[in-house]
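There are two complexes below, and they share subunit A, which is joined by subunit B in the first and by subunit C in the second.
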Partner chain A sequence: MSNGQTTSRYTIERLQSIDRRIIFVFIAAAVIIPLLLGASLKEETTPIVRALFDYVDHLPEGSRVLLSFDYGPTTAPEIQPMVDAVLRQCIERKCKLYMMAVWATGHNLVGQTIEEILKSEYPQLQYGQDYVNLGYKAGSQGLIRLLVVDFKRMYSTDAAGTAIDSIPMMQNIGNLKNFDLIFSFGGGFPGIKEWILYAGDPGHIPIGGGCTAVSAPLLYPYYPSQLVGLMGGAKGAAEYENALIQAYPKFSNMPMAGMSLMMSQTVSHIVIMFFVVLGNVLYFIGRNRNASTKPGGEK
Partner chain B sequence: MKRTVPLLITLVVGAALIIADFVPHRPFGTLGDDFSLYFDIIAVFAFILGGGNLVRVHIMKLSKKRKDWPFSIVTLAGFFIMLAAGLLKIGNPDDIKGDVAALGSLFSDLYISIFTPLQASMFALLAFFVGSASYRAFRAKNKEATILLVSAFLILLGRTPLGLWLTEGIPDSISFLELPNLANWILDVPNLAGQRAIMIGIALGVISMSLRVILGVERTYLGQDND
Partner chain C sequence: MTTKRLTGHIVLGVVLLVCTLSIVVKGLLVTVGALLTLFIFSFLYKDNPYYKFAEHLFVGVSAAYWMCMGFWGTMVPNLFGKLYPPMVGSVIPALKDNPPEPFMVIPLFLGVLLLLRLSSKAGWISRWALAFIVGTTAGLNLVRYLRSDFIAQISSTMIPLYASGAAGFNLGETISNSVIFLGVMSGLIYFFFSKEHKGVFGTGARTGIIVLMVTFGASFGYTVMARISLLVGRMQFLFDDWLGLIR
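Take a look at the complex of A and B:
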């Protein structure tokens, strides 16, 4: 074997066993730099997201929309932009907003969302008349099942401890069938699937969802007969925001969290693809070389 | 006796809930809802049980100075501080009557300042490990792996605005070749078929396992303890 071949083999082996921290630096740069630059790319709304947006957009004034915050800080960067966009659209449609959580970690996020979106952008909305924070209740799918039968049996007070019957917008709520649409945000357990199985199907209640990108493929089988539409990951959020801006141009100058993530996601996907291609090229070069140096195939 | 009673409870409750689904009349019609309520009550008690177990395990670890015992101090401190902040509603602007998560309360501050960045950091690590694992393990070693690799590339490109930008010039007659359309096709057709097959398989497995548990054929959930 010549010196050139030895050097080349050595280089390939070194590249194959590259320190993973080098890959980490590339990934970090791919995520951070686009975020700092604040660049964004053109987005188009796919049919599964469009179906959800159109459904909300055709809700009559005063429709009751239940939003369940079934996520935590881990997935908030992906899910929160969806929640914000849906809230803005629901308020434009003059819907009544009922917010709750079947995840303990979602309870705080309801409060934060009320502060950041409802109170700061729509100060004219009144608690108890236009929106209500019902907070978290334990019980997972058991809770959902009971809410289909009797809502107030499980929620006798709101999150602040106010008696549920003293809240004006709760007067005509007997069970989940009184809602025009239920949104579940978050793809874990309990989440969209449990809302479909224990509320949507038995109660014939329309369910819409927003989940992480990794959970979305698992929920596709429920669309369109059991799920009105679905937003999957930051891409789903960005598509919904795009639809929102097209329908309500007043939002065009507002920073949209989902769309601002897309450049970062695009660059990081490219970096991952680059490493996959590089890994495969090195693998095939190494394999061919090994085959050619085996006994019988040695040159 | 220790095994017979749980087996009988399982048989009676399991059979009653199956009947409740097919007979909408009293007393069976309301059984499902009643048991859901019992489930909720048990779920609340499970929090106490879980918390108690966490404390017990870490106190044992501390007392015996097992490996990584200093981390147990952090766990116990985190647990008791959050518990006190939530139960006593320390710093809550609406006092003890207010929402436990009201902004300005200690519970909310701990959630926003410590819990949120910790959880977000843990999840963010995935991006680095996905990148590293893709480089080392995602190889087109055979036909199946190559199909998976090509699909992954189409999804990676098609699920970003770059995919749209790269192929938006394609004529309408062959617009199915646009990367976002190809990515959507993969999700809508092969993924959907696979997911449905898995779901049907799981459902059949759950039915079979449930029947085994109800009829007492499957007893591993009772543990190894014999009468």
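Take a look at the complex of A and C:
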């Protein structure tokens, strides 16, 4: 065997047993560099996201939209951009916003969203007239089932302990059927699926959703008959933001969290694909070499 | 002093300096958040006590958070506040004048039964409450899953293979509907084991495998996207909220 062949075999073996921490460094660089450069990527809106955007955009003024924050800080980077975009669109459409959570961790995220979006960008909105924070209630699908029948049975107060009947925008709310659209943001249990099964289908209430990318393939089959539309992961958020900017140019100068995620996403996906291809190429080269050096397999 | 110890001291000194500066400039909470993030990331290098500390802290805080939210968000207003409203008057004044609901004794009783699980002698009684929960959940799920996940999904698959609208023949929708039909049928054939997978049936089963592989691939791709999103979120926190390096 020549020196060249030995060096080549040594290189292949080294590459095949590459330390996973080196790959981590490449992924970290692929994520960090686009972030530091402030690069963002515009995503063309796909039909499933467009359907959701158009549905909200055709809601008449004063429509009641229930937003359920069914996620936590761990998935907030993916979900929060969707929530922000939907909230901005709903406010532009002059909808009434009812915010609640079937996840305990969603409770604080409702408060955070109210501070960062509603109070800072739309200070003219009045609590109790334009939006309300109903907070978290335990019960998962049992809670949703009960809300279809009697909303105030579970929500006797808002998140701050104010009697529900003393809040003006809660006056005509008897059950979930009084809402024009229900949005569930999440991806775990309970989440969009439970809203479809226990509220949307039995109550004939339109359900829209924004979910983590992991759960998106499991929820796509519900569109279009049981879901108005769906935003899947960071890409779904970026698509919705793109639709929002196109429809409302006033947002074009505003930093969009979903779009800023997409450049890092794209670069890191290229890096991952490169390593997947490299790993497969090295595997086949190694296999062929082993086959050719086996007794009886010499060429 | 060995080189390894000296390096350790230098790293510790740099970390302490960065932390002190961070506390002064960004505040304590952001600094603690950043440090805990770095502790968790340190697992990527190798398992270590800092990672273990952050992991245990997360588990403990999460458990306590869910318990407190359940108690103050649900038990206080929806159980105690309905059973005897004056009891929660000091916490939620809006409820103190509501009429009491004596039937709320039943969920309270079932809740106490569940807690008997902590007793070695009376633990078996908790099964009654558990049986109620399992029975109710099974009943609720059976009906809803049958209607929404089974019948409604079959109905959604009954789509025309020749799609046409007001503008005439729609090629895109026809292809899309055909892919859905073939995907569902071949997937079902693959999981049908009462007939040997040979001939036309075998071709259908092999197509089913391809459809399943494509589905798994799409799911894996989405999973990668989800994990990268979480990484980007943490990096945004470190480089923007903490270090202020992102424009």
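Everything below uses one rule, namely that the second predicted complex is superposed on the first by the 297 of 299 C-alpha atoms of A that agree within 3 Å, B and C clash if a C-alpha of one lies under 4 Å from a C-alpha of the other, contacts with A are read in each partner's own complex, and residues count from 1 in each chain.
The working rule: a residue touches a chain if its C-beta (ideal position, glycine included) is under 8 Å from a C-beta of that chain, and two chains touch if they have at least 3 such contacts.
Everything numeric here is computed off the predicted structure, so don't read it as measured data.
Looking at the shared chain after the overlay, A:Ser166 reaches subunit C, while subunit B stays out of its contact range.
Of the two partner chains, subunit B is the only one that A:Lys42 touches; subunit C does not reach it.
Once chain A of one complex is fitted onto chain A of the other, the partner contacts of A:Leu261 are limited to subunit C, with no touch recorded for subunit B. When the two complexes are overlaid on their common chain A, residue A:Gly135 makes contact with subunit B and with subunit C alike.
Of the two partner chains placed around the shared chain by superposition, subunit B and subunit C are both touched by A:Ile272. Of the two partner chains placed by superposition, only subunit C is touched by A:Leu197; subunit B is not. In the superposition on chain A, A:Gly111 contacts subunit B only, with no contact to subunit C. In the superposed model, A:Ser156 makes contact with subunit C only, not with subunit B. By the document's definition of touching, both partners, subunit B and subunit C, reach A:Ala213.
For the contact definition in use here, the residues of subunit A common to its subunit B contact set and its subunit C contact set are 24, 27-28, 31, 74-77, 105, 107, 135, 137-139, 142, 145, 154, 161, 213, 216-217, 221, 233, 235, 265, 268-269, 272.
Within the complex, the subunit B residues that touch subunit A are 32-33, 36-37, 39-40, 43-44, 47, 94, 97-103, 108, 111-112, 115-117, 119-120, 122-123, 127-128, 130-132, 134-136, 138-141, 149, 152-153, 156-157, 159-162, 164-165, 180, 184, 187-188, 191-192, 195-196, 199. By the touch rule above, subunit C contacts subunit A in their complex via residues 44-45, 65-66, 69-70, 73-74, 77-78, 81-82, 91-95, 98, 136-137, 140-141, 144-145, 147-149, 152-153, 155-156, 215, 218-219, 222-226, 228-236, 239-240, 245-247.
Here subunit A touches subunit B in the complex through residues 18, 20, 23-24, 26-28, 31, 41-44, 46-47, 72-77, 105, 107-108, 110-112, 115, 133, 135, 137-140, 142-143, 145-146, 149-150, 153-154, 159-161, 213, 216-218, 220-221, 233, 235, 262-263, 265-266, 268-273, 275-276, 278-280, 283, going by the rule given at the top. By the touch criterion stated above, subunit A contacts subunit C in their complex at residues 21, 24, 27-28, 31-32, 35-36, 38, 74-78, 104-105, 107, 135-139, 141-142, 145, 154, 156-157, 161-163, 166, 196-198, 201-202, 212-214, 216-217, 221, 225-226, 232-235, 260-261, 264-265, 268-269, 272.
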